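What follows is a pair of complexes built around chain A, which joins chain B in one and chain C in the other.
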Partner chain A sequence: MEPLTGMGVMALIGAAATIAGASEDLESDVGSQSNPNSQVQLAPQMMYPHRIFNKAVSGEPPSNALMCTIGGTVASVLMSSGTSIVLALTIGAILAAAVHGTFSVSAHLGRSASQKRFKQPVYLDIIRSHVPVIMGYSFITTFCILVVSYLMITVLQHPFPLPLLAFIWGITVGAIGSSTGDVHYGAEREFQNVEFGSGLNAANSGNIVRKAESGLRNGIDNSWFCAKFGGPVTGIAFGMTVFLSGWITVVFDTTKGDALGWASVIAGAIIVLVLIIWNRNIEVAARNAYGPYKEDEKAEVAA
Partner chain B sequence: MIDIAGILTANILNIVLITLGGALISLAVHFVPVGGAPAAMAQATGVGTGTVQLAAGAGLTGLVTAGAMMNVTDSMLLVLASGAVGAMIMISVTMIVGQWVYVYGVGCPPVSAKVKYDPITKDRQDLYVSQGTEGHGIPTVSFVSGVIGGALGGIGGGLVYYSLLIIENVAPTTEIVGIAAIFAIGIFFVNSVIPSYNIGGTIEGFHDPKFRRVPKAILSSLVVTFLTAIMGVLAIGGL
Partner chain C sequence: MSTGGGKGAHAQISENNIIAFGIAGGLIGIYAAYFLVDLIGGYMSFLAGLGAICGILWGASAVRRVSSYGLGTGVPSIGMLALGIGLVATLFGLAVGGIAGPIISVISAAIIGYIVGILANRTLGIGVPIMEQSMTEIATSGAIIIIGLSTAMIGTFNFEEVVIEVIATGYMAVIFIAGGLAVLHPYNANLGPDEKQDRTFATAIEKGAIAMILAGVVASINESASGTLTILIGLLIWYIAFTEFYKLVKRDAYKITGSGLLPSKEELE
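Up next is the complex of A and B:
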């Protein structure tokens, strides 16, 4: 393959992956999925009934893997019967979004209804307004991941079949979204009632913010906030993962011999080393900027 | 009729390699700093997701890179190194972006609550733990531990995939690739779940006292992976 073609495809894959990552995180913010949902689930039990969509179909990686595998399988079947590629990927993603929408409704109804004893209402308008948004985001995520997987198979000659590659990237995007963007939702947006940077005392669990910038807060308000930071950085994380792991084999073309293969491994190791150093810089800067939470007892005694 | 004894004796080395790969994955998961649900609320050190989820995310990215490399080379070492690099990239990118969120989005400095001084940087830790939490963010020692975990997981996953793919059979290669990858993913998940019982939701890395429980998990993994390896070898070798 021409190096320039390879780089162009990698750029396209990276862009699609970035969009997939961002939409995956925003989907989990609108619908409240994964770990931060434990607080949404806990709130009514602590006497804080709310209007936030409460689903958590499963952990994010399995849920996204399911969506992407459904999309990949449908697209694969359609392509084998001669359907155009764009149409096949689109129909696959639509079906995946429909399945995800179904799970979202049943999960939300089940979770809310089970909290009747804590006086948590089931808001039908929340379902009407949130489910289309959730399905929209899941469509974007699935479509972009299918594009990434399809390009990897056809242009970069990856040996895995489309549904399998879509499954793996689904697991990965879920793992990344759950590890990065969700923290912005769980540690900051849900607890804006405590001072920024003060840390979240475990005693505050369940006391989530229920009032919005205007009116009562719902999942769409949360995605509005998280779209400013949590969503984009999740996109960058997934985009970087997909791009960097493929880029090293495009720059050092592994098909031209084992020596270039080893060069790609070394390039990857250097990238990781740079990230370790960058992380250390952030750590030092944060410690200097924020300072300790408490004084050193020995220093106090000496003074 | 499938010659079960024949397939097993012909592929005894593959079974050993798969079992070893499974044990490596099990060891790797202990290195990965996961904080589970508390970390998603910045109440515990580590990455804010579940053990299995993160380990599988990293290991499977390693499997994608190992699979791509396996397509163009016969060198086992290169396939394993490629798997390690893929997993290391995924886990380091996840950790550094997670760190951005903890530092810039939540406003907490990265800190470990399990040790008083970071074993690598020698920085004081306990003063930076906010009230009512078990640490937050990813301090250097946890980051390095996560990278080691990613590398071991990638090598383990690559070893399982490689050993499954070289089993002799009469099925077309394109189909074997899919089946071998699915078995490798299955073995990866099994060996990510076993350490979860040791970890119990949160672990900060190799400096965490829970890390000392590793031998039990490796022993369990050896037994379980040995059984799954026999099934995998029979399923692929019998095609």
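Up next is the complex of A and C:
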């Protein structure tokens, strides 16, 4: 393969992965999956019933693996019966989104019904408005993951079949979304009413923000907030993961000799090292700029 | 998140009945599909899908019991581990067993699951009293689910054909994750102090039906199995189970409302 073609394909894969990462995070924010979910689930127990979509599909990596694998399976079945590739990937992603919709509905209804003693009502308008959004995001995620997997198989000659590769990328995008983007919702959005950087005090457990700029806050308000930072950051993180891990073997083509193979390993190690140092510097700079939460001693004296 | 605080989950149907239903239903479904596909035709492969749903119900019941000890986020982890054990045991059993493959798979899954359960409790010190039993049950039900859905896809559990048509094509991934989430999701979806066994089971059957439909989609390109009947029966089971689930949600929920404000302070007290 021409190196230039390889780089072009890698750019396309990276772009698709970036979109997949962003939509994956926003999907989990609409439904309060993963990190923020524990507080959404806890809130009614602490006498804070809410109108926020509460879903958990066994954790983000498995739920994304499920939709991507379903998409990959359906697409692979359709392609083997002669359907065009774009149509096959699209239908696969539509079916995956539909299945994800059923998982979301059963999770929200079931969890709300299991909180009867805390008087958490089931709001049907929340289901009607949120499930289409969740399905829309999951369609985008699945479609982009399928594009990534399909390009890797056909152009970069990856040996794995489509459903398996989609499964692996599904787990990866879920894991990255869960660790990168959800923190923005779980730590910031749910606790906007406490001072920035104060951490989650035990007394605040379950006391999530339940009122919006106008009316009562719901999952779509949360995705609006997360689309400003958490979603794009997840997209960049996932896009970089996919692009940088593929880039090293495209530039240093391992099929052309062992020396190039070792060069790609060294390039990978250098990238990891640079990222570690860079991350450390960001963390130190952020701590210096915003600092740990200091108790307001003057206010206590005055009280 | 703990629901029972170690008291164990409240059950309407006894666990022994579920275990018997899972093993017997699962194996009968798999063997019926295996023989009837040869005798009558490929469209009988849907029976293995029904067997897989029996296994899914059992697995979900085992997850429900072990989760009530407050495992929280550990539930998907032990479930994936147990299904991995089930997959290894399935491949071993089908490779050496021939016609007795499913039975050998089930037995070896039980043995490996039990050993891992002992390791988890004694060596790692997780300290869940029913860990050994639960790992054994989830791994065994995992083996039944994997063999059931594979047989529903290709109409046989012959090792060579499973390797070529299910594993090499990557469809094992969808069996693993759709079967796995059908086991893990029901209790997770109904998590909370007012969780009810029948509602969790309705979710398990609903998600099992989705796994069956997916097996039918794959079966549609295999000549030795027929997808149409598997998909149609799967859709029917899904519809019935979902209707039942929604009925139970209406029974159990504090209030179902089209829209509205939050409960007032007086209401909460």
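One rule holds in what follows: the second predicted complex is superposed on the first by the 290 of 303 C-alpha atoms of A that agree within 3 Å, B and C clash if a C-alpha of one lies under 4 Å from a C-alpha of the other, contacts with A are read in each partner's own complex, and residues count from 1 in each chain.
Methods note: a residue touches a chain if its C-beta (ideal position, glycine included) is under 8 Å from a C-beta of that chain, and two chains touch if they have at least 3 such contacts.
If you're wondering where the values come from, they're calculated on a predicted model, not measured in any experiment.
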{"item": "Touching partner for A:Glu213 - first (chain B), second (chain C), both, neither", "value": "neither"}
{"item": "Touching partner for A:Ser38 - first (chain B), second (chain C), both, neither", "value": "both"}
{"item": "First (chain B), second (chain C), both or neither touched by A:Ser114", "value": "second"}
{"item": "First, second, both or neither for A:Glu2, with chain B first and chain C second", "value": "neither"}
{"item": "Touched chain A residues, chain B compared with chain C", "value": "B"}
{"item": "Which superposed partner A:Ala202 touches (first chain B, second chain C, both, neither)", "value": "first"}
{"item": "Where chain A meets both chain C and chain B, residue numbers", "value": "38, 59, 160-161, 164-165, 167"}
{"item": "In the complex, chain B residues that touch chain A", "value": "36-43, 47-50, 53-54, 56-58, 60-61, 63-65, 67-73, 75, 78, 81-82, 84-86, 88-90, 92-110, 121, 123-124, 127-133, 136-140, 143-144, 147, 174, 177-178, 181-182, 185"}
{"item": "Residue numbers on chain A that touch chain C, as the complex places them", "value": "38, 41-42, 47, 49-51, 56-59, 62-63, 65-66, 69-70, 72-74, 76-77, 80-81, 99, 102-103, 106-107, 109-125, 160-167, 210, 216"}
{"item": "Touching residues on chain C, where the partner in the complex is chain A", "value": "1, 73, 75-76, 79-80, 168-174, 176-178, 180-181, 184-185, 188-196, 199-200, 203, 206-207, 210, 214, 217-218, 220-221, 242, 245-246, 248-249, 252-263, 267-268"}
{"item": "Interfacial residue positions of chain A with respect to chain B in the complex", "value": "34-36, 38-39, 59-61, 156-161, 164-165, 167-169, 171-172, 174-176, 178-184, 186-188, 190-191, 196-205, 229-230, 233-234, 236-237, 240-241, 244-245, 248-249, 254-255, 258, 261-262, 264-265, 268-269, 271-272, 275-276, 278-280, 282-283, 285-287, 289-290, 292-296"}
